[in-house]
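We just call them A, B, C and D in the order they show up, numbering each chain from 1.
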Amino acid sequence: MKTLDAAARGVYLITVTPFTDSGALDLASTDRMVDFCLDKGVSGLTVLGIMGEAPKLTAEESRVFVRQVLARVAGRVPVVVGVSAPGFAPMRELTESVMALGASGVMVAPPSTVRTDDQIAAYFEMVNETFSKIGTGGAAVPWVLQDHPVATGVQMTAGVITRVLKNSPSCVMLKHEDCPGLNKLAAIRAASDKSEIRHVSILCGNGGGLFLPEELSRGADGAMTGFAYPEMMVDVCRAHESGHVERAHDLFDAYLPLARYEQQQGIGLAVRKHLLAMRGVIASAMARRPAPKLSAADVADIERLVRRQDRRLAELGAA
Amino acid sequence: MKTLDAAARGVYLITVTPFTDSGALDLASTDRMVDFCLDKGVSGLTVLGIMGEAPKLTAEESRVFVRQVLARVAGRVPVVVGVSAPGFAPMRELTESVMALGASGVMVAPPSTVRTDDQIAAYFEMVNETFSKIGTGGAAVPWVLQDHPVATGVQMTAGVITRVLKNSPSCVMLKHEDCPGLNKLAAIRAASDKSEIRHVSILCGNGGGLFLPEELSRGADGAMTGFAYPEMMVDVCRAHESGHVERAHDLFDAYLPLARYEQQQGIGLAVRKHLLAMRGVIASAMARRPAPKLSAADVADIERLVRRQDRRLAELGAA
Amino acid sequence: MKTLDAAARGVYLITVTPFTDSGALDLASTDRMVDFCLDKGVSGLTVLGIMGEAPKLTAEESRVFVRQVLARVAGRVPVVVGVSAPGFAPMRELTESVMALGASGVMVAPPSTVRTDDQIAAYFEMVNETFSKIGTGGAAVPWVLQDHPVATGVQMTAGVITRVLKNSPSCVMLKHEDCPGLNKLAAIRAASDKSEIRHVSILCGNGGGLFLPEELSRGADGAMTGFAYPEMMVDVCRAHESGHVERAHDLFDAYLPLARYEQQQGIGLAVRKHLLAMRGVIASAMARRPAPKLSAADVADIERLVRRQDRRLAELGAA
Amino acid sequence: MKTLDAAARGVYLITVTPFTDSGALDLASTDRMVDFCLDKGVSGLTVLGIMGEAPKLTAEESRVFVRQVLARVAGRVPVVVGVSAPGFAPMRELTESVMALGASGVMVAPPSTVRTDDQIAAYFEMVNETFSKIGTGGAAVPWVLQDHPVATGVQMTAGVITRVLKNSPSCVMLKHEDCPGLNKLAAIRAASDKSEIRHVSILCGNGGGLFLPEELSRGADGAMTGFAYPEMMVDVCRAHESGHVERAHDLFDAYLPLARYEQQQGIGLAVRKHLLAMRGVIASAMARRPAPKLSAADVADIERLVRRQDRRLAELGAA
């Protein structure tokens, strides 16, 4: 098992959870999906997030799925598991369970009921305490702070986030998806550059990476998000890291029309699963109910966007 | 096991979940709480609601607690279990589990993501289908539709509720807690009185029954809510049923100052557990984190209100 | 004109705006309402609040109404005007206009868009600056900070409120209506008692004073809210001030069943106007659309509650 | 004055409101902005929308600004004015005022308080009635129904929208900005194609037109939104109308990276005003408080994106 630590960089892909047409977990597709992601060069995987339909799984299904992913990854990259829960007892139970299976760390977003700065700080102190009691042999569970106001309704300032980081030694990563919050990202990065806080990894999640080139320029270490073309994020991060900023933008722009389409509220998951099925990664685009469905016109849109994307990538010599 | 059906009347008490001072499930207090409720004359119990701290329990703790309640009730009154969940697989799993343990029915509130009339109707069709597949020997699981806009953000008109009831033959009860929605309650009752829809039980939940006398006058069959003095609801319902409406109001008014105090957003659960501990029902007022705490001044308020309530009840010959 | 200052005590009644049956401003009823409030012993009036249907008035109607109230009050008590607005230019314009007419001060709630502690503090710095530029001869406009999370969605901690008060020398009053936030109220009062902040008047607004006796015990200086029986708040405050705390509770409890009914979300305004018309204060219970309407059963409820209230007050020798 | 009617097509640009550096209305920039929009080929203008900082203007400033725009447009294209208001009296007052000045029609979004289908339908019946009483000589004011759930929180199904359209003969246009709601758009268009409802113009507003090519393919008649490069929307609409769908996508894709950046929540208005100042359209990028500010890094992002956009447009022979 790979450890998750504050030096993490690159792309941690938020995976889907593959189902068969009848809605059962599809473990063969799960294996193929893991292989696909690693082939494309991701640095890590994140499972059981919102786009992973985590709340639609039974507890047993969650364990089966995580076990399958971990077995297939076989320690090649870290695997992070989303464990946000309305109470600390179920959060601890899930965390113990996935860490025992071999996960590298867990991720937590605040519940929508915390609102003020003090409530946010107090909540994450309880989170940190929950995780500090789990590590075997004294080590606390490394965890990711997820800042996702569109989903949670919780607005965290740079000041509150640095306060949480100071209080939480085992928090090693920030998943930044305040939309897009470029200046907030820069402020947090500046705080660690000036040693006001220790360094943590900052991976960005805005809508499939819709601001990835700009976020990298502001000091992000990579992306933690989902998109049916993870090679976009991988290639953009690599070009950026090697100093080819314009090339990073060129690649990004080529994928942007489709990425935008996949990030639509509501039907985004259906688009992503459709594309992954089209690419042969998963056997079925099935999502559990309540779930959006694509119309014939949606499929036509997607097909046009893929054709155009292929053409543009070819022009860029990147196909 | 008592069946939950559309003829249900009286008080279904929403119970708390007792913990020891260290936060473990307190099964001895659970037994005492069941005895206390039955002594006070409730017609049923509802467990694992929001005020039952359901989201703070592990799956195993939920099962243990439900099993204990059912064992102690021993079939004397129906027991309803809250099974609202963000996905149908966990909802079905929990429902199967508690029905197998001997529960009489389950209760579901809509998720905050359903908003339009069509979304509400579609959601409950999926709920109904989920429950129709569980009943052993072909019988569907009887279920309660919880209309609680303050908690869910979902506004259901009388029209949508009757639409759901028409589509859901196994929905036998409406938990009405639109605050207070007296005219909506009356409209739904009128629809069944005029045979536009079949009769379902309507139990009211507004803030510990803060509108109970008026709700009974509009045709409610009783209350499903929590209050550290369940005898208030029981006595008000009985007085009302026997035609003593002014007496029902007298009793209600005597408890109202404390009921109002217990219904405060935020610290309400702490007030309720404090009172139940004071009455000797549960051993500890402990609530799992994140949880409100009472200040010394809060406790002084409560003590004054209880003294005044005792005095007023004595004046009414009801102590 | 009476000045509004930090020593304000007693009841500042939130008035309705009377209309004729055809929906026009009813200035004769406005005069009667002012007389009624002063007869009942209020210490001040607050106009153009949410329950005053302020957003349903044209700018000219607002000015006409405020002018009429001020003329009738004739300087006997301070009159506060609600000036919350989405922008500072209209806020300043309305404030200049009502101060020129003779208002004693203005009241501002934060817009729902401010969320974090820093946003709240920054917003009220702009408010304070807006008002500091208006006073003639150098005096800033005295203003009231309205803390009303149910209406605004903005959660302000005691810490943020004291920060605002430190930054805003012309803020002389806090309208506390965090529901009910007794411990927050106590914390703010303690801060001024310990001279950490200067003293400001704290008037409470929770739902027609539904926690008034407890709020007075925690250090509130009175109430700023609406109820068709303002004598309730006046008498409770007087009894409390003269040390008769149990008497204050007795009076409060007598009015509580009706106060609770009048505080219903949605139809509360209709109940209040119905009662004021019943008492002969206003000629018509008309509210501008969109507006709730009372059913015959609602009216029957109200009539019963008034009869019971009269009887109980007679028992207490307070009728 | 041009009339607004159901045959409207093309781009109705949502304009900003130009201010001087000191925050006063800048009427010279207003004239330049009108000229700029007409030069770029827009079919209409929409003023006093959210991005027009309408709530930050005094009533008198609103009138001055609208008068200036109308004078400069001089009847060449229709001008629509946003008149959403929390009450019907101020809505009618503003509408009368701007129609008297020569506006072509008005636009209304529902308040966040309406939630159920019935509430939405009832609200717009009142809107329609408000506008039907204004038209001089018997003609009702043509109005635009704005469907913008991200801003209002109001979810309107295709069914509710067709119900509103049936009830409101003077509603001539739908501003579709449910994000992106392609299938909903198609359903409403299909209803008029099948004559279930009369034809209304459907203009799309999603985030500066971020789904414009797809929306046009689903039957939209054009766009009503803001972007510092209105020629994007104009050229995409023209290419699409003349059957050059791939060309429409090519143009769209060239502008997409910058359009995406300008659509960021929070700082979007600052980006738009910065770009308009950079292009020489307005003299100052000043926005009234509370307003976002661009950092140096934001400006660097913008400059890079403009350079890249210019290059890409040149490659496409469209610069």
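Quick notes
By our rule, a residue touches a chain if its C-beta (ideal position, glycine included) is under 8 Å from a C-beta of that chain, and two chains touch if they have at least 3 such contacts.
Please read all numbers here as calculations on a predicted model, not as lab measurements.
Each chain gets a centre from the mean of its Cα atoms; the one farthest from the centre of subunit A is C.
Centres computed as Cα averages put subunit A at a distance of 38 Å from subunit B.
Centre-to-centre spacing of subunit B and subunit C amounts to 34 Å, using the average Cα coordinate of each chain.
Shared interface positions of subunit B, i.e. residues touching 2 or more other chains, are not present. Chain-to-chain contact here is organised exhaustively, every possible pair of chains being in touch. The touching residues of subunit A, counted against subunit D in their complex, run 179-180, 182-183, 186, 210-211, 214, 217-218, 246, 249, 252-253, 256-257, 260-261, 264-265, 295, 297-298, 301, 304, 308, 312. On the subunit C side of its complex with subunit D, the touching residues are 53, 55-61, 85-90, 93, 114, 122-123, 126, 288-290. Interface residues of subunit D, counted against subunit B in their complex, comprise 115-119, 155-157, 159-160.
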